[in-house]
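One chain, chain A, links the two complexes that follow: it is found with chain B in the first and with chain C in the second.
On to the complex of A and B.
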């Protein structure tokens, strides 16, 4: 399954890119994807990161080909 | 005359202008977001603006905090801002608060206004605004920036989602513009988004950014609108328990030292660390076996009085020989925030 992954805030720096296309055979659900990505990039405070699938925040999502996933960390500058 | 160009708009008109004149907004934080927001709202003729900030103008503010000039460095931001805004539009009532928003004053201050604009730069105050606005039934307009990226949303608007619905888990790492750097244009743009959302809410027209998070990266030209769902359990928790305290600004100076905190569990500042054993004085005897005897332990409370009682009790009755009292109280073992 091919997914488009987008990283925001400091996550883009940790991952070293703003977005990437990934071919992931083993992943079915958003929870599985999160585990995989958090493992790969070792994001700090990963429990605070919100993940949107096709611009919607829904943790129980099943993923499908072509989905766009956005990893959103909280930040507070002003 | 003054408002002719905006009254000419179909969705404003004389009635809309009257609504603006009758409106009141509290702007919390007069920095990179608060300055542009306050400027445009003053220009538009919002009747009453509260300006809250405890800080003074520094030379490093000037590239983005457009109300201040070189001659203002060292002066209080709210005083300078009020003078500049008054010169722009003397019809606007400006109320200045040279203070921090705290758990004690937040609800009362917010209750005086129709809505809040968040110009703050830390999680602690954002969650505080979120809780206080929920409890006072006020809408607030949120924005945050990180490097070239900004977020904006309207929370608690007509029973819509709150900030806690978006980010229920509190991040501990506060990254401010002082640390990461920012160009002036980004907070400038987001402060204006906030002012625009305020105007739409006042007029009761257009599509308000409620239930949605706007994200833009100006350097990458990324633009995203995320749907936020309401989390009723997050809202219920605040409604039932009131404002929830933040602890993450408090860190220990010495992370390797073992401490015993004998304050009640709710006492502020709250502080989380695996090196702190928390046993309120009243429970000390019942839980004495939890306290190690072969490692130095520093006992603290708010001021040093209860911790001294705890030390004497443990030494005299339970023969501890490894205890030290933090005689100056908790503040002396914390890092400056």
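On to the complex of A and C.
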């Protein structure tokens, strides 16, 4: 399954990139993807990190080909 | 209905005071309005371990942010009897002392305008994927987190 992954703010800094396309055969769910990415980029699990699927915050969404997954650090608007 | 249209929220750099004055002037023809409420967010020169914040560099997940701004507008218009509402948020660098958020709500009466303005500010801070890098004088930085 090919996914577009996006990283923002502190997470883009930690990962060293803003976005990438990944072909992930072993991943079916968002939880599996999170585990994989958190491990790969050593994101700090104690921090509040939200994950959006196609711009929606819904952790229970199932993943499908071409989805855009965004890893979001705490918001700081205003 | 004018509030149904997606509106451009982000502007590059600080929000100039002239823009705020012009927004007020633009409403003088709308004589059904009896009250405006304005919130202005300003960059604070916080001191962290002896280091002073010089500026905040804003970035956002823009596609999602525009959508969330739109949802907040829709909710605000269904909750409050407001005549109109305008929101502007900075992208990129904004120096300490400059304005980074401008929320402007108008209604027939003050209470609704004030409540709606407060609703917008709280929702924006909690729900919009905007990120802020606090830049210090010694060129180090830290990432801002809304309290």
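Here is the rule we use: the second predicted complex is superposed on the first by the 71 of 78 C-alpha atoms of A that agree within 3 Å, B and C clash if a C-alpha of one lies under 4 Å from a C-alpha of the other, contacts with A are read in each partner's own complex, and residues count from 1 in each chain.
Operating definition for what follows: a contact is a pair of C-beta atoms (placed from the backbone, for glycine too) under 8 Å apart; a residue touches a chain by one contact, two chains touch by 3 or more.
Only a predicted model underlies this, so the values are computations on that prediction, with no experimental measurement involved.
Of the two partner chains, neither chain B nor chain C is touched by A:26. When chain B and chain C are set side by side, the one touching more residues of chain A is B.
When both complexes are overlaid on chain A, the residue A:45 reaches chain B alone and has no touch with chain C. Of the two partner chains placed by superposition, chain B and chain C are both touched by A:8. Shared-chain residue A:74: touches chain B and chain C both. Once the two complexes are overlaid on the shared chain, A:55 sits against chain B and chain C alike. 6, 8-10, 52, 55, 70, 72-78 are the residues of chain A that lie in the contact sets of both chain B and chain C, per the superposition on chain A. Across the complex, chain C is touched by residues 6, 8-10, 52, 55, 70, 72-78 of chain A. Per the touch definition, chain C reaches chain A in the complex via residues 41, 58-61, 63-64, 67, 89, 100-101, 121, 124-133, 143-146.
Considering their complex, residues 6, 8-10, 18, 44-45, 47-48, 50, 52, 55-58, 70, 72-78 of chain A touch chain B. In the complex of the two chains, the chain B residues touching chain A come out as 29, 31-34, 118-123, 126, 143-146, 149, 151, 166-167, 169-177, 180, 182, 187, 213, 215, 217, 220, 222, 224-229.
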